[in-house]
Amino acid sequence: MNWRPAFSDIAHLGHVEVLTPSIAESLRFFTELVGLFEVGREGNSVFLRAWGEYQLFSLQLTESNTTGLGHVAFRAKDNETLAALVKNLESRGITGNWIAGGFGHGPAFRFRSPDGHFIEIYFETERYAAPPYLTTGFKNQPQRRGINGIGPRRLDHINLLSSDVKACRTFYQEFLGLRLTEQIIFDDGSEKGAWLSATNKSYDLALTLDHAGGHGRLHHVTYFVDSREDVLRAADILVEGGIKVETGPHKHNIGQTFFLYFFEPGGNRFELGSGGYLILDPEWKPIQWNEADRAKGQAWGLKTIESFHTYGMPPIEKP
Amino acid sequence: MNWRPAFSDIAHLGHVEVLTPSIAESLRFFTELVGLFEVGREGNSVFLRAWGEYQLFSLQLTESNTTGLGHVAFRAKDNETLAALVKNLESRGITGNWIAGGFGHGPAFRFRSPDGHFIEIYFETERYAAPPYLTTGFKNQPQRRGINGIGPRRLDHINLLSSDVKACRTFYQEFLGLRLTEQIIFDDGSEKGAWLSATNKSYDLALTLDHAGGHGRLHHVTYFVDSREDVLRAADILVEGGIKVETGPHKHNIGQTFFLYFFEPGGNRFELGSGGYLILDPEWKPIQWNEADRAKGQAWGLKTIESFHTYGMPPIEKP
Amino acid sequence: MNWRPAFSDIAHLGHVEVLTPSIAESLRFFTELVGLFEVGREGNSVFLRAWGEYQLFSLQLTESNTTGLGHVAFRAKDNETLAALVKNLESRGITGNWIAGGFGHGPAFRFRSPDGHFIEIYFETERYAAPPYLTTGFKNQPQRRGINGIGPRRLDHINLLSSDVKACRTFYQEFLGLRLTEQIIFDDGSEKGAWLSATNKSYDLALTLDHAGGHGRLHHVTYFVDSREDVLRAADILVEGGIKVETGPHKHNIGQTFFLYFFEPGGNRFELGSGGYLILDPEWKPIQWNEADRAKGQAWGLKTIESFHTYGMPPIEKP
Amino acid sequence: MNWRPAFSDIAHLGHVEVLTPSIAESLRFFTELVGLFEVGREGNSVFLRAWGEYQLFSLQLTESNTTGLGHVAFRAKDNETLAALVKNLESRGITGNWIAGGFGHGPAFRFRSPDGHFIEIYFETERYAAPPYLTTGFKNQPQRRGINGIGPRRLDHINLLSSDVKACRTFYQEFLGLRLTEQIIFDDGSEKGAWLSATNKSYDLALTLDHAGGHGRLHHVTYFVDSREDVLRAADILVEGGIKVETGPHKHNIGQTFFLYFFEPGGNRFELGSGGYLILDPEWKPIQWNEADRAKGQAWGLKTIESFHTYGMPPIEKP
């Protein structure tokens, strides 16, 4: 199943479940400082949305004894495509199971990526209906803009650590039809990172090498704000709110996005991003960054911070 | 031929040919104040590009005794799709002719829209190769960022005046596979405007009613700048450069884009835009704006300026 | 040779008392949408501050049966200057009275301007001490940045309607030592507006002609936000919050400030502003704008809105 | 009681002379990439201005066999103050000499600071008169906004390395009447940096410790751009133009300014800055940052780069 040039079988990244050992602090952080909206609770989970999202939610916080990824869900472009994707997975020996329907969406097929991350694909979804105090006259907007805290517009992408970047990105290309847009390949031919897209955005999924040799770990989840000024404003909000900024704000070479990384109170790395470029060319050739490129640091010279290579979620147990 | 949910048969808006009775002044304006780059001349035409575009050019300025649209070109997603599009057009009685290949692109099929605009569809294209003094270390960027003048990143969309908006937008939906994203429908059921997209952008083509009853006329061509600050900076550059701002900067309700309209020295209306939202939902339902919505003005209350409804290119001859 | 503490005899605009017939709605608006902080109540008044202000408060909202200015207060550069200012006022026949000390500040001399506005001048002031949940590690900032709503940094200026602009501005020049920086003078020699400064900012006080022939009326009060992006974000917040934007965002010719005007729920006009230029030249000559200049509209062509000339606070009773 | 023209005895930082061993490259850089305007040449010097400056020039580039400061000039608030300043300097044993008048300004008194930097103070100055192609309808602006390259509005401040920060800052307080606004004092009581102001800006002059034990050396010269977006845009322009960014963009704790440091082709460190806060309080107490504060890095955590402490102009000869 080759990538079909008018975009993938996946419409977009749907939502992310993140585990947190400090759910009360995480929840307070995401609602008060980040400005996400709580839309429901179920079991050990709380569901949150950003103001610009048409779906009910994008972030599921789940109480746990550790950090890391619960699962990541992609929305297929329609039910027929969903069925075809599942058939293809199963025909290639990838087993999974159908979940009857979760909070905010319909039937989902759940399976594990080559690196062990839990992946769900689904099509039927619940659209957000704003309560009266959050309705807006801007008819193309699902609800009133968030006015408290950072106020991101939407979930943007996820970065998954991978023990074998090449094998993993090939999997997402072949089984979800994602398009490879940029990659890091070192002089010895080893692939250190891959960026894939289901849309005109330059990436919706990033895969970066797990230097610690872990499996199924999370690198970060990113929310999008409308302007670089919003990222700068967020930096003040985070620092004054007692949240540790890991690195940034600065501009990525890859994707040209303006970034800010930090750790939410539970210990998971999140990013706020803005800017970047759209890919319009149906014949786009993946951009390759080499070892020398990476040695120069980010777009304006900021060196990649050490913890970026060493800290993943969940942590790897020392023997 | 219904719209197929994984995006259209068209990859994106390709380029626009604009007629000008003052080509020297227009050219100086677009290169010195707007900051486009000249990439070639042929016959009565000069070809220009914005720094972020992968194709050779996006604007063809053609000397003429009037203003208005020469033609607008869309890039099909591949050669098979191009052939299928042409076959479908011809099977429905829409005639056109193949052009062997123009400046910067391969074979194109040229035909007229229901309103008489000249349309071209093509697939093969020439990629821009930057001269040494314009190369960049940012590998995902076709050339060095423009540093003089306004410096837009890329062509964004075109707005064509139409004597029958509904008929025209149905044509673009059926024959180019564009997706209808927003529209203006008045209380009497008449359709005053339609916005269509070939990408995740909320529109690549707009159709608005020609109140003067003209045919084949242009409303405006829009270039995209990276930030709203860039639009504000552009407003100063235009005013100090002696260019008349028609309206803005302000925010559109439709598309949520931040806009600035002005007339280039030849008399054609251009827009600079930034912001807006991406459409990720494969089941997107067109947003409908009614008469009361429109009476409120733009997003923050600015009334639509009279000339917006009366001034089109070319002008209609008074009898 | 020690540093002399002030530019003019006035250090800066201190605070503004605004009357509102809807104090509950006004208060909710200023705290929830604007993001000012309530710091106290006394009598019919509530006191509010912006996060960047070293003084306790800058806005006093007072319940009333009308809109308009309660009083405006300027901080003198020291106690000796305050005494000298009062002596000069009294020696020239301007009577007033000492107020023992109000909420947040020490003794103030209260008098009426030539147009009847109540003015107070004071020196001793109460500095804001942030409660634990609003302290900040940014030592040069009085409290944590406001993260909810619009979040202005500080009070910027006030615009008072005047029945005789020339007489009034001369008064502020002669009795408070303010510097005239810009003015509007029509072809018949009549002065339509004057902008005066106590600082390097291009104005702290504006006087504009009361076309309705009122006395002692308010045109608007302005808060400063850090960026033009903040003004644009505010426009969304206001519109979605049901607040009428009167005009803007746009750029003033005078002062080069980026502006947005709206009416708070009580009916008083407020402005959010950003940008502008600093005056460093000790020999600055007032900039004169004439009738033709004004006919061109604001910096990018926006016409001055009719209500700008007709709506003042309090309204003038129709006979 | 007339307006007294200045804050301190100094109105503002006037201009800076910078030595460069590569004047052709430096000049090309400042005119083409930074977007300063050349206004004259004299001897080995070229004079440059930013578009928002009322004076003729702010930067004098002088060909030399080394880098570093030629001299820094401050404009006194009037001729009487200038005379008083000189008298005070001489009465305290500080000798200097009157220069009859230089390019763009009248008589200046030239002397050396305690650390050996050449300082000039002057009052009479030449105002810039724009040539026809650079005139503007914005009457409060000396010329048309620069539209090429980075386009800073004005010179902002200078940072001088000092072997004894306390002695030096006391000198500028006592002899030029500057106000101490912020300072770095380590746990052992040693003063590592001092920020002084002649205006409502939080600083016009910074003094930081010369760790290499040099004398009379330059740390950097800063130009101001209108927005943080302009700083980010500048970062791209510099990097793509082959200019090394030393550190940033990021936000200073001190002054709250958004910064970007780089080396011009001659080897001198320059900064682009925006934002910051105004000091309105006439009783402002200097903010003290201690060793622990500094260990936290800049506002959002960026560590101060090593070269910031080791690289000064001119370089110190190794014995």
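Observations on the structure shown:
By written order: A, B, C and D. Residues from 1 in each chain.
Criterion: a contact is a pair of C-beta atoms (placed from the backbone, for glycine too) under 8 Å apart; a residue touches a chain by one contact, two chains touch by 3 or more.
Quantities reported herein were computed from a predicted structural model and do not represent experimental measurements.
On superposing C-alpha atoms, the copy subunit A sits rotated by 180° relative to subunit D, to the nearest 5. Both subunit B and subunit C derive from one sequence, and where they touch, over half of the residue numbers involved are common to the two copies. Note: centroid distance subunit B to subunit C, computed from Cα atoms, is 44 Å. Per-chain Cα centroids separate subunit C from subunit D by 32 Å. In subunit C, the residues that reach two or more other chains under the touch definition are 137-138, 227-229, 236, 239, 299. Chain contacts in this assembly form a complete graph, since each chain touches every other chain. Contact residues on subunit C toward subunit D in their complex (touch as defined above): 1-9, 11-12, 52, 54, 75, 77-78, 84-85, 88, 137-141, 153-154, 173-175, 177-179, 182, 199-202, 226-229, 253-256, 275, 277-278, 280-283, 287-289, 293, 296, 299. Residues 33, 136-138, 144-145, 147-150, 227, 229-230, 233, 236-237, 239-241 of subunit A touch subunit C in their complex. Across the interface of their complex, subunit D is touched by residues 228-229, 232, 235-236, 238-239, 244-245, 247-251, 258, 260, 299-301 of subunit A.
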